[in-house]
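What follows is chain A paired twice: with chain B in the first complex and chain C in the second.
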Partner chain A sequence: MTTTLATLLIIHVIGGVIAIGMHNVILMHLLKKAPNYVFVSRLAWSSAGLFFLSWVTSAYYYVTYYGSAVKPRILAGAMPAAHTFFMETKEHIFLVLPFLAISIALCTMYLRSNPDDDLRKSTAFLTFVALVIGVATAASGVLVSGSI
Partner chain B sequence: MTFYELLVIMHVIGTVLGVGAATFAEIHYTRFNIDDIITDDERKTLTTTYTVMRAGLFLLVISGFAFLLYFRLTENVAALTSPSFWAKMTIVAVIVGNALLLQARMVPFAIGAAVSITSWYAALVLGVIGKTNATYVEILMYYVVAIVLVGLSLRWIRAWLHAPKKL
Partner chain C sequence: MMNSRLALWVRSVAIATILTSIMLAALIVGAEEIPALKNWLKLTFYHHWLGKSVLALGLFTIVSLALRFKRDTPRLSRVIMVEAIVVILSACIIAGFFLLHTLKIV
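Entry: the complex of A and B
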């Protein structure tokens, strides 16, 4: 693996993990009755940015390296399901995450000027869904890395 | 100092902060709640303790994934499929989920506190033990038993502290 690809993989993993952690913090704040929406909104936009960064870097890594150098080793190894199920699921479900993150960011931006309890609860639920998908995606990534 | 040693230090600091804060959160809460009243000062102390705990969790998770990358880039991936590694991942997920449930008041505080402190110590123990012959399910069974025992112990300590003192 070249240094560039290793750097992209590092950005993909650390960026994604920090973005998932930010969704966790956002959810903790949205569960309060009167959250600090300015803080939550900034965090939500940062999280969306990091998800896109993680998405772009992983896409480049996947297209130029994973398919030719990693996938054949996983398929020939002891756990081919790491690719055929977990990676296939991960790469499709992960497509949803950046757009979920943008939806959360837009909702929190709206809540800054128009606090609304029903929207707060709905945004909290959406953030919970994004958090679950994020954690499942990260766990799948670990499994794929461990199956080489 | 190598990059790996830096990661170990970061991981240990995260664990120390998390385990220490979880311990003191329990001690402070039990002590402050003897009179069934949490004053503003006591609430601030608890908030600071929880902030330290979250900082520990952040360091633990980031260094944990940095370890993952290190093992992946050095082609030393056997650790990523070990039962103790996945048990530790599960326990860290429980710490996060438990904090969310406590924040949403969807779990009684007594249960949440027992889960939190046991999970932090379980993560510490698994980190120290490293490789083990126990399966993933066995580790989680020990973990559940530990939660029950810690929960009962905390319940007994709180009841003892609340009991009328003999003169």
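Entry: the complex of A and C
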């Protein structure tokens, strides 16, 4: 693996993990009766930005390196399901996350000037969904890396 | 005025996310089951995953921009709840399909 690919992979992983962590913090704040929406909104936009960064950096690694150098080794190894289930599911479900993150960010931005308890609760639920998908995606990534 | 404009954005982006997640679930399962579709994605976008990414980004952008002009009073909490449920269903379809594929059932 070249230094560029390694750097992109590190940015993908760290960016994604921080974005997931931010969604966790956003969820914790949205569960309060009166969250600090200025803080939550800034965090939500940062998370959306990091998900897009993670997407772009993973695209280059996945398209130019994973299919030719990593996938054949996983399929020939002791746990081919690491690719056939975990990687396939992870790489596709991830595609929804950046859009979910933008939606969460817009909701929190709206809530800054229009505190609405029903919208706060539904945004919290949406953030919970994004968090579960994010954690599952990251855990699958750990499993894929560990199966080589 | 500013708030109502932002409300329209919240709603249009939520609907765009709903439609994008449905499109992704259909495209992902379709590309695995119909080889011609996967080949078209590869030929057009260099890699099938890039094709899915570009189409998702395109649909999301078009729907977000188009629906923000729809002038009525959106019930935001309901739209966001529907968005969450549709995303859960789409994720279950994708994960379920690859699970059945791994178990060689489909």
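We take it that the second predicted complex is superposed on the first by the 148 of 148 C-alpha atoms of A that agree within 3 Å, B and C clash if a C-alpha of one lies under 4 Å from a C-alpha of the other, contacts with A are read in each partner's own complex, and residues count from 1 in each chain.
The definition used in the following text is that contacts are C-beta pairs under 8 Å (C-beta built on N, C-alpha and C of every residue); 3 or more make two chains touch, one makes a residue touch a chain.
Note that the structure is a prediction, hence the values are computed from the model and not measured.
*Asks:* Given the touch rule stated above, what does A:I10 touch, chain B (first), chain C (second), both, or neither?
*Replies:* In the superposition, A:I10 touches chain B alone.
*Asks:* Examine A:V129 and indicate which partner it touches, taking first as chain B and second as chain C; both and neither are also allowed.
*Replies:* It touches chain C, and chain B stays clear.
*Asks:* With both structures superposed, pick whichever of chain B and chain C touches the larger number of chain A residues.
*Replies:* With both complexes superposed on chain A, more residues of chain A are touched by C.
*Asks:* Given the touch rule stated above, what does A:S103 touch, chain B (first), chain C (second), both, or neither?
*Replies:* A:S103: touches chain C, not chain B.
*Asks:* Of the two partner chains, chain B (first) and chain C (second), which one does A:L27 touch, if any: first, second, both, or neither?
*Replies:* first
*Asks:* Give one of first, second, both or neither to describe whether A:Y62 is in contact with chain B, with chain C, with both, or with none.
*Replies:* A:Y62 sits against chain C, while chain B stays out of touch.
*Asks:* Both chain B and chain C touch chain A; at which residues?
*Replies:* Common to the two interfaces on chain A: nothing.
*Asks:* Hey, which residues of chain A end up touching chain C in the complex?
*Replies:* Per the stated touch rule, the residues are 55, 59, 62-63, 67, 81, 84-85, 88-89, 91-93, 95-96, 99-100, 102-103, 106-107, 109-110, 113-114, 116, 118-119, 121-123, 125-126, 129, 133.
*Asks:* In their shared complex, at which residues does chain A touch chain B?
*Replies:* Chain A reaches chain B through residues 1, 6, 9-10, 13-14, 17-18, 21, 24, 27-28, 31-32, 79, 128, 135, 138-139, 142-143, 145-148.
*Asks:* Can you check the complex and tell me which residues of chain C touch chain A?
*Replies:* Residue list for chain C touching chain A: 2-3, 6-7, 9-10, 13-14, 16-17, 20-21, 24, 28, 46-47, 49-50, 52-53, 56, 60, 76-78, 80-81, 83-84, 87-88, 90-91, 94-95, 98-99, 101-102.
*Asks:* Over in the complex, which chain B residues touch chain A? Could you list them?
*Replies:* Touching chain A from chain B are residues 58, 61-62, 65-66, 68-69, 71-73, 75, 77-81, 89, 93, 96, 99-100, 103-104.
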